[in-house]
Amino acid sequence: MIGLEFLILGLDFPQFIELVLKVLIFPGLAFPLLFAIIVIWFERKFLARIMLRIGPLHIGPFNRTGLLQPIADFIKLIQKEIIVPDNAHKLIYNLAPIMAALVASLSVAFIPYAPKPGGGYWMIFYTPFSLLVILAIFTARPFIIIAAGWASNSKYCTIGALRAALQLLSYEVPLALSLASIVIMSGTFDLAKIVEAQSSIWFIILQPIGFIVVLIGMMTEIARRPFDIPFAEQEVVFGWPTEYTGTQFALIMVSEYFDLCAVTSLITVFFLGGWSGPAIPLLNDISPILSGIFWFLLKMAILTVIIIMGRGIFPRVRIDQLLDAGWTIGIPLAILQISITLLTAQWWLPLVRGG
Amino acid sequence: MSIMKLSIGPQHPISAHFRFLLDVDGDVVLKLEPDVGYTHRGIEKLAEKRTYLQNLPVIERVNSYCDSAGTMLGYLEVIEELMGLEVPERAKYLRVIAAELNRIASHLYAASLFSVATGLETMLMWPINDRELILDLLERLTGQRITYTYQTIGGVRFDMPDGFKEEALKRLDYLEKRTEDYYKMLLWNHTFHMRTKKVGILRPSDAIKLGVVGPNLRASGVKVDVRKDEPYEVYDRFDFSIPTGKNGDSYDRLEVRFKEVGQSINILRQALKDIPKGPIKKWVPPIVPKGEAYTRVEAARGEFGYHLIGDGSMKPYRLKISPPSFRNLIALPHLCQNIPLADVPIIYISLDLIPMDVDR
Amino acid sequence: MIDKSAEELIVDSVKARFPEEVIEAKVQRKNRVSISVRNNRIYDVGLFLRDELEFDHIASVSGVDYIDMNEFEVIYYVWSINKKVLVGLRTKIPRDNPVLKSLVDVWEGVLYHEREVWEMFGIKFEGHPNLSLLLLPEDWDGPPPLRKDFVLPETHQERLEEKIKKLSSG
Amino acid sequence: MVLDIIRPFFLGFYHAFKRTFTVKHPFVRLTPTERYRGRVVLNIDRCISCRSCVNICPNKALEMVKFEKKLVPQYDAGRCCLCNLCVEVCPAIALSMSYEVEFSEYTRKGLIHTPDRFSQPPKSFLFEKTVTVKILDKKRGVAHR
């Protein structure tokens, strides 16, 4: 409510600048896009190095780094003709990629990236129930995927969409359960307050089991290898987006990296203490916000490397094995984490809530 | 009950030049019907129209991009049996060296394809890179990288170049050490175990009944190898063992191939050590006498059978090629019954079928 | 008494069991036995080879077109894993009426081999579950291509020439 | 089991800092080996018009044509399988294999090398740098140098 209120009420100049910065640059529109571009480049280059290849080579500044390769790919995709298959449900087919990108980028709006010196947080929209909102946004994704897969009227798309739906729906349970233990520990649904609860000790140390469950659950949610079963190209060509071309395909690709951005931000918030870290002298002089953002981005980068690494070293698991693991390992572990959290309350309470 | 007909191939990331017609119920494959013939070149008919010598480059293209040296060996064997020809000693050793180097290259290729089927692209690149060492060696020896036309009727065409022996031994040592990395990355990878163990189990009795050959048969625990059963060229002089699997699943089929690479390295070391000096080629008349012969050789993918009928002219009257992939193909529909869809690529690649080999 | 080799024992036992049907049975060389039988009893001989003599591993099914004698020859090559002997079970059938009993029931592995012989030589295997084109294109309407009197049908020839013309002019 | 999951992580990281294997192809090339079999090159002066090469060619890539009052072979690069049989059979050593492998042309006609073109020496590389595959040492693995 706070953000929109002063849109209606009229703004003074610094507030207006701040809003523009937030919405357009960080963490709004430009940041996920930039994140996507950098991560796509890094993923290609890094995986190539693991495979003893060079990776993208020619495009961009600095000799043979291929820095601008993702942008070149993006331009190429935009130029391409949009092909809608025969018998496809035109409206849903065309709507789905936009929805996917939108939903993926929405969750970024509720993540606090740094505290502001005078109180409040550097985020687009503050609400005390941001964790619930993000969980709600996550539930929308399977339906968009099913819609896209069904509307394409292709067998591969249908199988891919059904796999994606199964996987996403079944991993929401352990994910939500693990987040429950975080809520128990921090006593709030507010992401910013969760970060603040970790000022003395990070939750990754207090809840290692929860961290693993959430990491795997989040990787499953955004379908990264070894859990990229919906996109398994050896079986279903490219899964539910098989039929998409051109700009729509670019949107879906970008939405995947928006998801990655959101997921790494969330795990940073939940377990790695968000912006907390020693103040960087140079950045701190300009603004304490920058120092917070620096630590946040650093933690995100480490998580991103770990998640990307999965693609280089693990074969893909099978859908039934994944679902089995979700029910037999994921949910019990999450419940175990909740019980441990409850039983050890007397030890962690002084650490987290300051006694 | 809703059964969906799914067609995989001939343009699909995993299918190569095959087409599989699947009956899919949900995520379960009920039946698989292979549709082959996309690379049919009629090599058996072509062979009837060409002289024995002209057939050399044609025959090796039965299995060109993996194992042309092993393929060619069988053709030469059958001609030489019909002619009653004894090849010079040094030529025999050189033939074996080319064939075994090719076997290593082929198995490395198979391993890399296998890891792609499971979705691990890193292990696509590593064996392919190391295969380059072998291809480079073969290029030094024969002048080509995949289609060598190296062995010829009555011997081989080129002698070993200078320094080949030392270089080859050095590279084999490297390859042996490198295999450890493959084990760490792929064969001991827990996720890989999940995907391949107990997938596509081919029981020994079924394997024999269906006529499966080569590493696939050995992975089921049947100890059959033409190199031991009917030693051709100089294989009876080498000391090597036949690796066999226990369960006959996809994992065993890959592991047997890895172990065979080790045995090939073993054979190559002995061959390079024992190779005698002497001529490498014998002059042979272009005419093959009247008669009939059937020879078998153990190529990388299994047993190649060549049935040749000569009519006393320069061209064969009939040349029947019985390639290993064609004989292994029948195991694919046999194994793909009531399995998850995700296992189809793994079973298919684990059988190491090559479309060219099936179609001829 | 002289010790007989495994190959000779096989020849003797086949001759003793089928005195009428076996036209010729001989040892070609070490590990090779050739048995030629009359075409109407090939199934029984096949069963005998499989059950009594342990010939279990099918190697190849080869068709030969002897156009001068106006007959086809079909050869089943079967390997025995225990005895390490390859038997060539051969039979001749007239060229005008090429029909043979399928051995799918005996050796399951001949399924695709027989299909190949069928499409390449036009030899019909009675009792084969699925005699359809395997390697040839689905729309193939010409004669079986591996016969000695095969000429490329005109439609195919024209198509081919057109293609070559198009390619060479372009 | 935990070791099997963690081990690939370290192995992957370790390989990320190894030497890459790729050859940056148009700028750098593999050195053709001594015996490398590329395009066939004709020495017109030595040719004795014996037709041996035309007879032995499995793919009918060679064809006799008249060139400067002499019958010499003409070469169809699109049909050649680089099998070396013609070079081996030539009694006058007029044919030889070169290291040239880039035959691509825009038309099928362009692939046919008339005796004039057939007898020209192979094109030199645009970029001169060539490398061969080498085993550096155990740690750094294999690379092109």
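For clarity, chains are labelled A, B, C and D in written order, and residue numbers in each chain start from 1.
Just so it is clear, a residue touches a chain if its C-beta (ideal position, glycine included) is under 8 Å from a C-beta of that chain, and two chains touch if they have at least 3 such contacts.
Quantities reported herein were computed from a predicted structural model and do not represent experimental measurements.
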Which chain is most remote from chain D in terms of Cα centres?
-> A
Between C-D and B-D, flag the pair that has more C-beta pairs in contact.
-> B-D
Counting in whole Å, what is the centre-to-centre distance of chain C and chain D, each centre being its mean C-alpha position?
-> 41
Chain B and chain C: spacing of chain centres that average the CA atoms, whole Å | 24
State, to the nearest whole Å, the distance from the C-alpha centre of chain A to the C-alpha centre of chain B.
-> 46
Among the residues of chain C, pick out those that touch two or more other chains and give their numbers.
-> none
Would you please write down the residue numbers of chain B that are in contact with two or more other chains?
-> 122, 125, 129, 185, 189, 191
Tell me, which residues of chain A touch at least two other chains?
-> 50-53, 312-314
So in the complex, which bits of chain D are touching chain A?
-> 8-9, 11-13, 15-22, 24, 141
Tell me, which parts of chain A touch chain B in their complex?
-> 47, 50-53, 155, 159, 162-163, 225-226, 228-229, 232-237, 311-321
In their complex, what parts of chain D are in touch with chain C?
-> 107-109
Which of the residues in chain C end up touching chain B in this complex?
-> 31-32, 56-60, 62-65, 75, 77, 79, 81, 84, 86, 88, 107-113, 116, 120, 133-137, 145-146, 150
For the chain B and chain D complex, residues of the former touching the latter | 50, 53-58, 122, 125, 129-130, 132-133, 136, 139-144, 147, 149, 157-158, 161, 170-171, 174, 177-178, 181, 184-185, 188-191, 193
